[in-house]
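Just below sit the structures, each encoded as structure tokens.
What follows is chain A paired twice: with chain B in the first complex and chain C in the second.
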Partner chain A sequence: MSGAAIEMSAVLALLGVAVLALVLSRREQATAIVYGATLVISVIALGNAAMRLIGDPAGVSDLVLPFGLPWLGAHFHLDALAGFFLVVINLGGAIASLYALGYGRHESAPHRVLPFFPAFLAGMNMVVMAADAFSFLFSWEFMSLVSWALVMSHHREADNARAGYVYLVMASLGTLALLLAFGLLAGPQGAYGFAAIKAGTHDPAISALVLALMLLGAGSKAGLVPLHVWLPLAHPAAPSHVSALMSGVMTKVAVYAFIRVVFDLIGQTSWWMSAVILLLGGITAVLGILQAMLEKDLKRLLAYSTIENIGIIFVGLGLALAFRGSGMGVAAALAFTGALFHVVNHSLFKSLLFMGAGAVLTATGERDMEKLGGLIHRMPQTSLAFLAGCLAISALPPLNGFVSEWLAFQAVLQSPQLPDWGLKILVPAIGGLMALTAALVAATFVKTLGIAFLGRPRSEAAERAKEVDMFSLTALFLLAGLCLIGGILPGLVIDALQPLSQALVGSRLPLQSAEPWLSIAPIAETRSSYDGMLVFVFIAVSAAAAAYLIHRLASRAVRRGPAWGCGFPEYSPVAQYSGASFAQPIRRIFATLVLGASETVTMPPPGDTAPARLTVVVVDPIWTKLYLPVTGAIGWTAERLNRLQFLTIRQYLSLVFGALITLLLVLALWP
Partner chain B sequence: MALILDLLVQGSQMALVLALAPLLTGFVRKVKARLTRRQGASIIQPYRDLLRLLRKEVVLAQNASWLFRSAPYLIFATTWVAAALVPTFATGLYFSWTADLIALVALLGSARFYQALAGMDVGTSFGGIGSSREVMIASFAEPAMLLTVFTVALVAGSTQLSTIAEVMSSSHVGLRVSLGMALFAMIMVAIAENARIPVDNPATHLELTMVHEAMILEYSGRHLALIEFAASLKLLLYCSLIACIFMPWSLASAEAGPVAYLVGGVVYLGKLVLLGFALAVFETAIAKMRVFRVPQFLGAALMLSLLGTLLLFVSRTL
Partner chain C sequence: MNGLSFDVAHLLAGGLVLISFMMLYQDRLYSLLNIFAMQAVVLALAVAWQAFVQDAPHLYVTALIALVLKAIIIPVALHRTIERLGIHREVETVVGIGLTMLAGIGLVALSLLLMLRVTIGVDALAREDLSFALCVVLLGLLMMVTRRNAVSQIVGFMSLENGLVLAATGAKGMPLVVEISVAFSVLVAFIVIGVFLFRIRERFDTVDVGALHRSRGDSE
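Now for the complex of A and B:
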């Protein structure tokens, strides 16, 4: 069986599990059966995709199935790009299934989750496999609708219905944009197969329009500003293992769609296109992380941070497109590799963090960080894994997040050779935004870990928390381990990505596994090099040596005593720093300008013993300036059109008559 | 044989930074004391302090977790690794390619990450205030530092410190506007990162405006010794970094032999004395600023470094 056939059999099997789940869902054992099955199928699909990526990167395996458009059939293919994204999807899917074997037992409405989870995995696999516009759009819409059903699984909770509604509207808008994009690419002959689209040439105006539509369609699914508003509502609303998949993996499917069309299908691009992508990416990164910093809901904070990471990926893609357009092959390969590396990394650490948040939710029932605290004592293993995730996402060596960040910075340093002045001025500014983002990410995750896991418990629920089950912990540590491996053996990942780089930007980086001591040197060692393995060994050895020598030679005595409470005996946990107070300096400095944050203090009059109140208001300017006017206009129009429902029969007849005449006139006058 | 020699030189650099760091701190303190007409403690007082702290027992807060206990070792280790990778007396050391300037900034970032977390572990408002302000300062200092790195890397065509030092000491670099901006930005960042006046005051933790000392208030004994040691190492690191990039004279190259190493070492000591003296004079002459003025101070550094980078994008010769 060819690679594509195995992959599609896996999809079919997943759909079969979905049907089975529909039958079984009210039974006790359904959770174990469904997640066990998805785990096995995902592992098989993962192995198949990885074999393709490593074993035969240049080959393409095709499969035509007899449905879809009657004259075309449904085309599916497995090439290096699809193989890479299938690895990301099925790795995420396998670990989410493993996690859900434990986490899913606490699900209050399993019949609303179990049938859709395998279908969601199948949908994402299908999008990446699709090789013609019809199958692609069908799979895309399938994936969107199934994930909508998962977002709505707890539909009675306060905000979830609204989240589902906003998500549905944005997903429809995205699909509409994709539909138009493929229509333009196919042209009047209706060449809907990807191979035919790629073989054809496209007018520059058409290419520009397709890019805009892709930014709208793929960008809205990925969470690119200003189309991100649904993401922080919808991702946290789903059960945590689904949140992990939506944030860690589904956004990557959108990145795949963008790469497939813009890098693979369009062909030539001009420099201002990359400038647009760069600008959107930079703004997305900074806005996303600022909103994450100010958020107090643990899962929503992670969703905002997803927006930030998507921004970084798009900056990498924009740079790659700019370098490719200017014929700077190695630099393009560097930027493209950095972006794809970040795709892998983000799928790993964001899944880890969402699953950690899910563990906290299971243990305490709380998502509000202001009611957590002190979990490190009651859930030490979850805390350790969550710490690894925080270190990785904050781009700290020796974990994986740093490597992709490092590659992105190296790519920025290649850009003075770009010929276009617009890019020359834009790229250093984007580099500055990325540096700012990196620092704010670290601040945000100090806050996340510090408020939710450290300190003293701020509520009874946090005080009674217990460590979660073995399945969840295994999944968490598996992801943490992968984050570490990606960080200390980056050369392996970079080498695995080179066939994609060769195929899509036409150039590749030198073989990294030939470098001594497992270091990476994307261009030349005198220019830049980094060795995650040695950094890890150095840190581990010097920390261990210091600890050993000090305990051996100096002192190992420990005494416990009360913390210094500034002279107050027994002061309450409420007096600790809260998330809001931790974020206050950054809120004052950055968010008053960008997000219109304001705070008002209401003091009771003298003599009154009522408490003073501090109210902080943060608004998303995009929601108020862009979405509210648009929805207002739609509402206004609908209100006016509403009159059409209350006409008399004569008025209806004249309306129909008038419409008919107008249409005929248009037809007659059409050139 | 050559490998053993290389490793020996690398090892001696690691030991050198460890041995010199408290001395530099002591020297700065002594000069500051003399400038304010005080006698001041002996220049080797920091060594005595460290030894005394190491031998004392640790008093842990009741609520302290494993993170609080392991953080000092991690902070010390990351700072030491970072400090050992900056060329001091010679370039091109055996492991110099392990981490470039960007990785160096990130290593210091991870030390700060552990420190800020440790500040929040016990759950007192003092630790929280320190951590919160530390990350606020870092949100300016880190991008400013990275952009400075960009400027330097664009001039030298590399982010490797050894290559940068070689390019900088060659004749065709000369005086440049962009490098001047980078130097000013890096000095401002160094002052903020090392918790010196006017951003923070290293001499006290009894004021509410303190940042670094507020984070480590709950530490004692060997833990405190390690954190103090890491702070000295960080000061030495920034001095070495400024010396290596902006005063790269008499740095021995990799295979230069013992005499050149010796010359490099003596000149390095001279540079440290110079920078330490300048720091002491600056700190004595200026007053500490309010916390919410710090963003303006560091914002200036950020703008300078961004301008430096932009200039190099406009023309490679500026």
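Now for the complex of A and C:
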């Protein structure tokens, strides 16, 4: 069987499991059966895709199935790009299934989740495998709808219905944009196969239009600003393992769609297109992380941070496009590799963090960080894994997040050699935005870890928390381990990505496994190099030495006394430093301008013993300035058109008649 | 022979348009039905002539269907319906008859102008046929729009259907299946609307469509 056939069999098997889940879903053992099955199938699909990526990266295996459009059939393929994203999807799917073996037992409505989970995995696999516009759009819409069903699985909870509605509207908008983009690419002769689209030449104006539509279509699924509004609503609403898949993996499917069309199918692009992508990516990164910083809901914070990471990935893609258009092959390969590496990394640590949040949710029933605290004593293993995730997402060496951001910054540093002045000025500015983002990410995750896991419990639920089950912990530590391996052995990942780089930007980085001591040197060793293993060994040795020395020298001299209570005579958990207070300086500096954050202090009149109140309001200006006017306009028009619902039969007939006559008149008078 | 076959086809198709005009100014239901039956007869003749000219025997079946169904069964059935409902009164036209006729003339001009332009290079017989067919269709629609009584709306709809049959047979090589299905769709529409008429009658004691709107709380 060819690689594509094995992948499609896996998809079929997943769909079969979905049907089985529909039958079984009310039974007790359904959870174990369904997630066990998806785990096995995902591992098989993962192995197949990885073999293809490592063993035969240049090969393409095709599969044509006899359904879909009658004259077209359904084309599926497995090339290097698809193989890479299949690895990301199925790795995420396998670990999410493993996690759900434990987490799923706490699900209150399993019959709303079990049938859709395998179908969701199947949908994402199908999108990546699709090799013609029709199968692609079908799979895409299937993925959207199934994920919508998962978002709505707890539909009775407040806000979830609204989240589902906003998601549905945005997903339809995105699919519409993709539909138009493929229509433009196919041209008047209707070449809907990807191979035919690639073989044809496209007018520059058409290319620009397709790029704009792809930014709209793939960008709305990925969460590019200003199309991100649904993401922080919908991702947290789903059960946590699904949130992990949506944030960690489904956004990557959108990135895949963007790469497939913009890098693979369009062909040559002009420089200002990359400028647009760069700008959008930079703004997305900063806005996403600023909103994450101000968020107190743990899962929503993670969703905002997904927006930020998507911004970084798009900056990398924009840089790759800019370098490719300017004929700077190695720099393009560097930026492209950085972006794809970040795709892998983000899928790993975002899944880890969402699953950690799910573990916290299971243990305490709380998503509000201001009601957590002190979990490191009650859930030490979860806390350790969550810490690893926080370090990785904050891009601290020796974990994987550092490597991909380092590659992206190395690419930014290549910008002085760009021939175009506009880009020459823009790229360093974007680099500045990314540096700001990196710092804000670190602050955000210091806040997340510090408020939720350190300190003292802020609620009874947090006080009674217990460590979660073994399946969940295994999944968490598996992800944490992968984050560490990715950081220590980045050369392996970079080398595995080079066939993609060769295929899509036309050049590759030097072979990293040839570098001594596991170090990586993407351009040349004289310019820059990084050795994750060395940093890891150094940190491990110096930390161990420091701990030993402190224990040896200082622990003896321990003096026990009352803790300093910040001047409060009665030290209660409520008086602890809160997430909002941690975020306050950053909120005042950045968010007042960007997010319209405002605070009002209400003082009781003299003599009144009521407490003073500090109210903080943060509004998303994109929602109020962009979305509300649009919804308002649609509502106004709909109200005016409502009259059409109450005409008489004769008036309706007259409308039809009038329309017919008008069309005939136009036809008759057309020159 | 060619000249003669063209002239006869032209005459019959033109006759259909003329009868459509006659229906437009009929303000009595019985006479409207009679004229509709007449149109069906002319249609059957036109189709039969096409069968003869094109040497396509299956078109005779179509002609027969048109004759039996539209010239006999449907008018008789509608006649009995009117009798049972007891609505022999005048047809109320919404727009004045003079204005309707003027609009009809405009429609004929439009469809001739359009069809003759669009079908340049097609065989003259098909050209004439198509433009007359469009005239009949548009006039049928006009009748549906300008009448208020449900029975006359049905008649308008079926005269529209006559135009479609004329167009279908004018084009060479139209398979019989299509025509049979068209005929049956008319029959089904007739039955449905017939049943509907009685329902209206039961509920509102009138077949005036305006009554429906009043019951829905609208004002015409």
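Convention: the second predicted complex is superposed on the first by the 643 of 671 C-alpha atoms of A that agree within 3 Å, B and C clash if a C-alpha of one lies under 4 Å from a C-alpha of the other, contacts with A are read in each partner's own complex, and residues count from 1 in each chain.
We adopt the following convention: contacts are C-beta pairs under 8 Å (C-beta built on N, C-alpha and C of every residue); 3 or more make two chains touch, one makes a residue touch a chain.
What you see is a predicted model; the values in this text were computed from it and never measured.
Undergrad: Using the superposition on chain A described above, determine whether A:93 touches chain B (first), chain C (second), both, or neither.
TA: Once the two structures are laid over each other on A, A:93 reaches no partner at all.
Undergrad: Should A:650 be classified as contacting the first partner (chain B), the second (chain C), both, or neither?
TA: Second partner only.
Undergrad: Just chain B (first), just chain C (second), both, or neither: which does A:436 touch?
TA: The first partner, chain B, only.
Undergrad: I'd like to know which partner A:665 touches here: chain B for first, chain C for second, both or neither.
TA: A:665 sits against chain C, while chain B stays out of touch.
Undergrad: Is A:550 contacted by the first partner chain B, the second partner chain C, both or neither?
TA: first
Undergrad: Identify the partner contact of A:562: answer first if only chain B is touched, second if only chain C is, both if each is, neither if none is.
TA: After superposition on chain A, A:562 lies in contact with chain B alone.
Undergrad: Which chain makes contact with more of the residues of chain A, chain B or else chain C?
TA: Tallying touched residues of chain A, the top partner is B.
Undergrad: Under the definition above, what is the set of chain C residues touching chain A in their complex?
TA: 94, 107, 110-111, 113-114, 117-118, 138, 141-142, 144-145, 148, 209-210, 212-213, 216, 218, 220
Undergrad: Touching chain B in the complex: which residues of chain A?
TA: Going through chain A, the ones touching chain B are 373-374, 376-377, 380, 383, 387, 391, 394-397, 402, 405-406, 409-410, 412-413, 415-416, 424-425, 427-429, 431-432, 435-436, 438-440, 442-443, 445-447, 449-451, 454-456, 519, 521, 525-531, 534-535, 538-540, 542-544, 546-547, 550, 554-555, 557-566, 573, 575-577, 581-586, 588-590.
Undergrad: Give the list of chain A residues in touch with chain C in this complex.
TA: Listed in rising order, the residues of chain A that touch chain C are 646, 648-650, 653-654, 656-657, 660-661, 664-665, 667-668.
Undergrad: Write out the stretch or stretches of chain B touching chain A in their complex.
TA: Result: residues 54-63, 65-67, 73-74, 76-78, 80-81, 95, 97-100, 102-103, 106-107, 109-110, 112-113, 116-117, 119-129, 131-133, 135-136, 138-143, 146-147, 150, 153-154, 157-160, 163, 217-218, 221-222, 226, 291-292, 295, 302, 306, 309-310, 312-314, 316 of chain B touch chain A.
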